[in-house]
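Letters A, B, C and D name the chains as they come in the text, with residue numbers starting at 1 for each one.
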Amino acid sequence: MCARAEDAALLERMEVLANDRICEGVGIVTLAAPRIAASVRPGQFVHLKVGSGTSVLLRRPFSVHRASGDAIEILYQVLGRGTRELSLRGAGDALDAIGPLGNGWTMPDGLTHALLVAGGLGAAPMGMLAERLSQRGVAVSFAQGAPNVSRLVARGLFESVSRRYECSTDDGSEGSRGLVTEVSARLLEAHPPDIVYACGPEAMQRAVASQALAAGVPCQVSLERLMACGVGACLSCVVGTVRGPERACFEGPVFDAADVLWDPSEIPPGH
Amino acid sequence: MVDMSAKIGSLILRNPVMTASGTFGSGREYARFVDLEKLGALVTKGVSLRPWRGNSSPRIAETASGMLNSIGLQNPGVEVFCERDLAWLADIDVPVIVNVSGHSVEEYVAVIERLEREKSVAAYEVNISCPNVDAGGMAFGTECAPAAEVTRACRRASSRPLIVKLSPNVTDVAAIAKAVESEGADAVSLINTLLGMSIDASTRRPRLARVVGGLSGPAVKPVALRMVWQVAAAVRVPVVGMGGIMSAEDAVEFLLAGATAVAIGTANFVDPASTTRILSGLEAYCRDNAVERVADLTGALVTEG
Amino acid sequence: MVDMSAKIGSLILRNPVMTASGTFGSGREYARFVDLEKLGALVTKGVSLRPWRGNSSPRIAETASGMLNSIGLQNPGVEVFCERDLAWLADIDVPVIVNVSGHSVEEYVAVIERLEREKSVAAYEVNISCPNVDAGGMAFGTECAPAAEVTRACRRASSRPLIVKLSPNVTDVAAIAKAVESEGADAVSLINTLLGMSIDASTRRPRLARVVGGLSGPAVKPVALRMVWQVAAAVRVPVVGMGGIMSAEDAVEFLLAGATAVAIGTANFVDPASTTRILSGLEAYCRDNAVERVADLTGALVTEG
Amino acid sequence: MCARAEDAALLERMEVLANDRICEGVGIVTLAAPRIAASVRPGQFVHLKVGSGTSVLLRRPFSVHRASGDAIEILYQVLGRGTRELSLRGAGDALDAIGPLGNGWTMPDGLTHALLVAGGLGAAPMGMLAERLSQRGVAVSFAQGAPNVSRLVARGLFESVSRRYECSTDDGSEGSRGLVTEVSARLLEAHPPDIVYACGPEAMQRAVASQALAAGVPCQVSLERLMACGVGACLSCVVGTVRGPERACFEGPVFDAADVLWDPSEIPPGH
């Protein structure tokens, strides 16, 4: 007599199959997760309990980078306590996960050409997206930015599924020296896409969004907020939208850039 | 069979495990993880007369065994709350306790007046202790006179069970509990969050946009237990205990300190099935320890010998 | 070279890292782990006029990221303290700040009068905030009038720098800070411990023989930071910040919130070399961030933009 | 210019060499600790940081059960969070330790016959003691009590170094059924020793002490208190004695039973 169970059980313990360092401070953890691998949509996330005990109390949200067979991959960067804990897990360990959560990228019918713009770890939610788009026959242009060549994470994947791949690095060690927004501006003009997908630091997403919208191209962004519950209950993670505040964990993390109020003072009350 | 019922004024709950306001939405999001009909009561997030936008982001910061929040009582206002949240809850067999907020005594009363028209409300929890709004909120809860005044006005507005939620950010929580009891509160609940702050040494900025926020989670449990114990010794009305409850053992500790019921807050974020897990654990504790009625645990702390 | 000096009234410390009273004895036990002459100041355990036996055992209980203690200011009285502890400290080149306790205003004054005869005392820290003794202790620190009265009397008894140690168990810590400032305190220190409680669900007994005790450690840091920030904004005298400092980063956070110096308490139990480890880390932070004087960090929290 | 360094550095990280479960809930952890192994006296303890992070904040004191070569052994029982953490450490892990700490058992010159009484995990600080006594040619009588036969921990060691070994179990699964204090009373009368050493639950130690003192035999007890600092600074661990309150971590954990005030109300103030 479970009242209003809107969904299947979302909570489970997953076995770590592998946890590989791919460059300084960045790793990919592979989890045995048949249920999620089968149902996750690009841009959705899992909410992971990375530590034991209460000293790292809250879960951490991580995008599903790729899903294949019975496993999912998470691309992570060691930033603080939670991701440090995650980096210490090894094959055979178990992790407690909730997911898949949130609304992912929308792939409208009839797309022929999509521009994906990833800055830094913004590459994480782009893996499945790029793969699915190319499987559907959509031409993918990919603009990737990072501090240096070794941080162009998942570059091999992106190059392999993209029609066109261009990158920039802060130090010029690969691609053009400078910001990925310069690359995206160039690609937008040279090869106008039907849609732009952006993920990365918020200032970068905001800049890409304004480039796209100015060019009359729809744009989706995946916004990060600190999340406590991850399931829509606590209102930790709100994003200002034209419809009022919305939850990054529930209505998001992907939003239509045209709906996002980037400046908090624009946000109307209510929900 | 253990008798798990708990009595809060005229309200008889099937068990003493409730949700803590603001940590469980209106239940809908957690219905995927727990059977809401198993809960002793569902306490909704805070509701005000008009929509509140809440505070800017970041709204949370993790601390050692705890978290700070400065949500700021974001809510769509009582009208939308009735139409959307209460309507959804109407089909679910669980006592609904609505957590009521206001910037002024009049606003608290106006919210209750609107809710009086709703059949599905079992009780009110009057929040005079939110540290995250400027006017109202905690200001009412840190001195006896305004706490008493809000209680008196809410009492006049409804004959439903009235729970007043107390702030821990005070010198003498028992005095405030007595003040609200004498104005007709049927129960008190505590603790709300402890006012705290977190700073990022590398950016030299506060981690919360609002600078300060409310501390919850295991870190606050010792303070919460002490306050529940002090308040239970000072008042005759039932006490709803909360603050850092993560396990059935924690819940037992609050009952022993004098609570009649307990509320689960931050734990929901860590384990979304916390409420029912704690409920089963509590029942098991009673069974294993030959406690026939969970109510027998209330105040059963042994302090002599 | 970073200028690490810190100024507490007329007292110039070589650096802002002190020990928290009651967690470092009189330094002797920790001399095996740290070079005492590197400390900014050594704050002794609380000293009273006559010997105090302290509370029964158990006196401590571990909690999530924290601990409760109910030592109860056990000490051999000021006479033995002078003969034994101060005599031992006399050969060590470190400013000694004596933490002073009393059951009455007269007792505080009598302790100070005895200590005035000792050359090696650099300053007093007047503890009006111990939650672990019945009379005196916290009672003086939870209201403005008695806090002011103790301060006035101690001020008259000595011209040495006077630091008043504040209780966090109050509604308005800034008001109490202002009250003691206006009576001539040269500095305030905070926080003392938060009153808390721990219960053993299996035995149904309190874990502390005294039932309640003082909470310290990382769990309280958010509350401590908030109070330091509030007090630093309210008074002009320097603030000594403490509460859960475990790392150099934590120390920086207290300085940013407005502290002029910091004290390390519970951390000593976890890592006996905490004080000097934190000191080196603080110096490294300054170097890495081109902070020329550690004093420039005081109150440097960025809250706009 | 270390001011008043009274002692060598006492703090170090030690490698776990082995961690073996010896019966339900009891294990022995072996640590690489050449400095301690060389200097520890029977009855001293080490103060171990068993968890990482802050959720198990405080250290835990453990007696050195045995010391041989470069290693020390700790005999532990899983009671709560700290000992559960300890039980999870495996070979190759490192543990942060302070020690050796406290004053151990005193072995007066001229001893010819000692009675050792161990209840439960009170066996822990008796390992080295029994070995050293027998090495010195002192005849050892050993009374050991436990809930059942499998909990007679380190029994092999005790039997091998003792002239006389008798035990009791609560369930009668080995030795006499009942309390170890019945065994000690019998041995005290039948084979009067020069000294009695006792460790176990406080009520048991108190009973053994009064048996010994009534028989005019000196008795030492090793008292347990919750310890925060472990080094004598915090006064968490006081024991009432005729000299005033003393610290179990510093003046103790071993006390002359004749000095101990078992009833807290007898304790005079001061220190």
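Everything that follows uses one rule, which is that contacts are C-beta pairs under 8 Å (C-beta built on N, C-alpha and C of every residue); 3 or more make two chains touch, one makes a residue touch a chain.
Because the structure is predicted, anything quoted here is derived from the model rather than measured.
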Path length in the contact graph (chain B to chain D, fewest steps): 1
Whole-Å gap separating chain B and chain C, where each centre is the average of the chain's CA atoms: 34
Gap in Å, rounded to a whole number, between the CA centres of chain C and chain A: 46
Centroid spacing, where centroids are CA-atom means, of chain A and chain B in whole angstrom: 35
Residue numbers of chain A (touch at least two other chains): 54-56
Residue numbers of chain B (touch at least two other chains): 64-66, 217-218
Chain contact graph, described as a line, ring, star, complete graph or other shape: complete
Of all residues in chain D, those that touch chain C in their complex: 1-7, 9-11, 49, 54-59, 81, 96, 98, 225-226, 228-238, 245, 250, 264, 267-271
Chain A - residues contacting chain C, complex: 54-55
Complex interface listing, chain C residues touching chain B: 63-66, 68, 142-143, 169-171, 194-199, 201, 203-206, 211-212, 215, 217-223, 225-226, 229, 244, 249, 252-253, 256-257, 285, 300-303
Partner chain D, residues of chain A touching it in the complex: 51, 53-56
Touching residues (chain side chain B, partner chain A) in the complex: 22-25, 28-33, 35-37, 45, 50-54, 56-62, 64-67, 69, 71, 74-77, 80, 91-94, 209, 217-218, 246, 266, 268-273
